[in-house]
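Every chain is named by a letter (A, B and C) in the order it is written, and numbering of its residues begins at 1.
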Amino acid sequence: MKSHFFSLLFYVLAMSVLCVLIAWGKPFQVVGMFVVSGMAVGSLYALGGIGLVVLYRATGVLNFASGAIGAFAVMLAWQLGQWGVPAVMTWLAAMPAAIALSLTYGRLIAPGLAWREPVVKAIATLGFALIILGMTAFIWDDDVRKFSLPSDKQAVMVMGLRVTVTRLIVILAAIILVIGIWLYLGKTRMGLQMRALANDRNLSALIGVRILKAETIAWAIAGVIAGFTGLMFGDLIRLEPVVITFLVIPSIAAAICGRLDNLVQVLLGGLTMGVIESLLTLQPTLKDIRPIAPFVIAALALLWMQRGKQLLFARDN
Amino acid sequence: MNISRSGIIGLGLAILLFAILPAVSGGQWSKIFTSTACFTLATAGITFMYSRLGLVSLGQVALMGIGGWVMLRMNHAFEFPFEINLAVAAAVTTVFGWILALPALRMRGLYLALITLMAAGGVEIILSTYRFPNGGDGFWGVTSSVSAPFRRPELAQSDTAYLRYVIAITTLGFLLIEAHRRLAPGRAWAMIRRSEAAAYSSGINVLYYKAWAFGLSGLLAGVAGGLLAGTLGLLDPSTFRASESIMLFALAVVGGARFWLGAVIAGVLYRVLPALFNDWGLNADLTLVIFGAALLHAITTAPDGLAGQIINLFRREVKSS
Amino acid sequence: MFKATFCTGLFVAGALLNPASALAAVDCGDNTGKPATGKPIKVGGIHGNAAPGDFSSSTDAAAAYFKCVNANGGIHGRPIEYRVENDQWNPELAAQAASKLVTDEKVIAMVGNGSFVEMSVNAPTYAKSGIMAMASACAVSECFESSNIVSTNQGPLASSIGAAMYAVEKLGAKNISCIGLAIPSVGNWSCGAVEKYMESKGLKGSSVLLNPAAPDVNSGLLEATASGADSILVNLPAGLGIAFLGAAQEQDLAARYSWTSSTPLYDMSVPKALGDYWDGKIFVSAELTRLDGTGPDNMNWKAVMDSYAAKDDPRDTFSQSGYLSAKYFVKTLLAMPEDKLDDRAAVTEAMKGIKGYKSDLACGSYYVGEAKRHMPNHAGIMVVAKNGGFEQVRDCFNYEGPYFSEILETEKALGLN
């Protein structure tokens, strides 16, 4: 626990030093705006990463389809809005759609793959992602669309940048999720059963864990998070199914920062990725290549966390 | 040196394709088959690592991109012949493969796969920012005008001749992997896969052989990327996205990582099937759905891949007859 | 599906506002009224239609026009067989499609091409095979700077200059920040030309280039605002443009800068997507004339689409452009001797001889000529987003600037205009 805390502290310090280096010499007000803008984007990476890690910790599956599920949910919400359904109802309708898609995979397809290795399980979700993306793109042909939430209209000024309430909701949701999942997985019985399930499905069944119930709940929670993430991506980035689907890759980068395990690290990782990517705009040589920041940070973070480990035995991971 | 039955069939298929395929393909299909052969070569680089060492590389297409980039830069910067450019491209990509080997020391399974995915994401950004050389000046060599000409090999100027050339090199690539399997590296890899502790105790230099594997994988990707550059004379960054690397690995699993036929099936699924669907006028979005469904189905029902199923079919027939 | 509802609505509105159009006779080719029955003339077309975007409206319109011509006597009695391929935004598929059409099917020309990747991949192939491509929906520099491709649309460079000119001449801009895609043949090319134009006027210009796949447009917006600009020129594809303007709306910047855009934002779904906030504030440079214009060619385009195209084929700028390419192509073929219609070299020669073709759909006249680059369309109109639609604010004007001086010289030397 103590080494964990120090590791986290070290990470934050290292990132802060990096930020200062990048922004050296620029006026503080301008830097402040880039930092806030970066945190806004980084919180989206973090949200996506949190969703991925929650499902991974509960089922052992890294879900490449979470972006696609979110894309379908937000397109459905947009469509219902176009048909005149009041705003709150559209979100309440989009979430069950996301849960349904998530459960379809989790109950029908995932159990058949439970004995395969994690990489193959992840690759299978890619197939599911393509199905959903193809369906979504087929139903809603390529057109220019915008998805707005009522919270877009109100905003606060943070360090000279106008931050809409929607962006604040994202950061708040990320923090609530981190605390909530930590409590759920760590302190409740069902959470314990989920973690056992992810660790070894057959052994868990042997000792009496209710596999189907735990899996259903895990995939349903994942569906809710994916749906919510999709709504946020659709509002704050772009309402284009392909773009939202492939945001799963930067989300994986954020998830890697937490080693697919520690949600606080995922949150911090996502935020720092966003901030550094944004701050690199101030560096003329690096600004063209700034979208590479999440990948570099994720790779370095994982390498750092795995330092000193040697893979001697087959079950080492 | 004894050639197994599978080897004879493989060589026979290669000779058959070499002789017949270019003759029956028109302009469009010779391009499709050339591209298929390139990706088959790259997939071979993935499958041998996965089946012999248990190492997952989700960055093979990105390495192909690097190979293609070097190939194009060499072509536009100097006057060397095609083969020299290809050799340089292969060498540079081998080095990048070795760089990927470093994380492999500390990780395995999903973590390793994810690191290679991050590398693929990084390469995607670099290629989409700085594009591929097309005859311009400076290190990146990009001009906004039409691409400068590309020099194909002396032996293979036309599209059909180039298809033969690529099939020949792909076959050589498979033979190279087979050679590795039969010699010391193959034995070392088998030991490492079984148990790294046992490998260390036997005195095998694990670092060296893991790096060799990644290097070989990089070499094959570099050659494949260079050959792909020769197909069109230019390359586009959208061919080398991170999602394409994941897709290629997925198809390698679907094809069957344990067999050379698996790599061929993966190449065919990756390039021939979409081209066929496009030719038939199938809606691009529905093609995606069909692809995803086929992927899902194949992974769930065929743990040994489609190649495994085909081979089992033949074995059963042989046994029953 | 949903596009159909919209387009049917547009059609109904058009019919109601202009009762004559619903019953208008079409004007295609020889207008004999008799279907053509001779040996087919093979013509090819490539469009891009897959998840990121749909550029197929140009080939749809060309196909409709060719169908109309075939029902009206064809080319000296011979029908046109129009083969269209989809490159799905994939460069390999684009090259394979070109191989299929040019090498295997031996088409005599390419008409109506609309794609983001096809031109850059296939320009060398077209030059080597001696085939001309009369494109309609071009967005990359290779389309305007290669010997065998000529387009009826303007592309990002010309329409950005048009927008910049409007900003300088009518909106009082002194320092323009051009937001483009970080692709050398698109953003760098067009925004670079805007910077040179501003320099030539003694004013300042800068570029902010966005990576198309990057989710974060905010940092680009901040870069633009930090550059000291007083006018922002959005030169992005529609989806990314909407996202960028959305980020600007979040920062409440509509009043702080003057806003112009190049042609991708001239699309009927854009004003609604932008919302009331941008009403009257975003000025768009259109590469052809208004979609609801009343000139004879515009009415004919609508009539041809209604009679020969599918109900849900979009009636947008690319559709107008595809119709125009097809029309000019047919005009050229009709003027050729009958025995040369299957000879690709002769067709290419005839196409290179095109000059002075006029239409109410385009501002300038269309020409090809024997040259290393072709950009006949370099004049346009300006519209503003208003009341859920667009209103014209400036009639046809010629674009100026260092980029066009060379083109204008070539035009004068070859007597093309």
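In this text, a contact is a pair of C-beta atoms (placed from the backbone, for glycine too) under 8 Å apart; a residue touches a chain by one contact, two chains touch by 3 or more.
All values reported here derive from a predicted model rather than from experimental measurement.
Enquirer: Treating chain B as absent, figure out whether the rest stays one piece or breaks into groups, and list them.
Expert: Minus chain B, contact groups: still one piece.
Enquirer: Tell me the chain pair with the top count of C-beta pairs in contact.
Expert: Comparing chain pairs, contacts are most numerous for A-B.
Enquirer: Which chain has its C-alpha centroid at the greatest distance from the C-alpha centroid of chain B?
Expert: That would be chain C.
Enquirer: Between chain A and chain B, what is the separation of their C-alpha centroids in Å?
Expert: About 31 Å separates the centre of chain A from that of chain B.
Enquirer: Would you mind pulling out the distance in Å between where the CA atoms of chain B average out and where those of chain C do?
Expert: Averaging C-alpha atoms per chain gives centres 38 Å apart.
Enquirer: Scan chain A for residues touching two or more other chains and write them down.
Expert: Chain A, residues with two or more chain partners: 133, 137, 246, 250, 288, 291.
Enquirer: Considering chain C alone, which of its residues make contact with at least two other chains?
Expert: Only 51, 182, 211, 213 qualify.
Enquirer: Send over the residues of chain B in touch with two or more other chains.
Expert: Expected reply: 125, 129, 285, 288.
Enquirer: Taking the touch rule as given, give the residues of chain A at its contact with chain B in the complex, in rising order.
Expert: It is residues 62, 64, 109, 112-113, 116-120, 122-124, 126-135, 137-138, 246, 249-250, 252-253, 256, 259-260, 288-289, 291-292, 294-296, 298-299, 302-303, 306-307, 309-314, 316-317 of chain A that touch chain B.
Enquirer: Sort out for me which residues of chain C touch chain B in the complex.
Expert: Counting only chain C, the residues touching chain B are 49-51, 85-86, 88-93, 95-97, 99-100, 102-104, 117, 120-121, 123-124, 127, 141-142, 145-146, 182-185, 188-189, 211-213.
Enquirer: Enumerate the contact residues on chain C facing chain A in the complex.
Expert: Within the complex, chain C contacts chain A at residues 1-3, 51-54, 182, 209, 211, 213-216, 218-220, 222-223, 226, 238-240, 242-243, 246, 250-252, 267, 269-270, 273-275.
Enquirer: Under the definition above, what is the set of chain A residues touching chain C in their complex?
Expert: Chain A residues touching chain C: 30, 33-34, 37-38, 40-41, 44, 79, 82, 133, 137, 139-146, 148, 152, 155, 161-162, 164, 233, 237-238, 240-243, 246-247, 250, 274, 277-278, 281, 287-288, 290-291.
Enquirer: Could you list, by residue number, the parts of chain B that touch chain A in their complex?
Expert: Per the stated touch rule, the residues are 56, 103, 105-111, 113-115, 117-119, 121-122, 125-126, 129-130, 194-197, 200, 242-243, 246-247, 249-250, 253, 283, 285-296, 299-300, 303.
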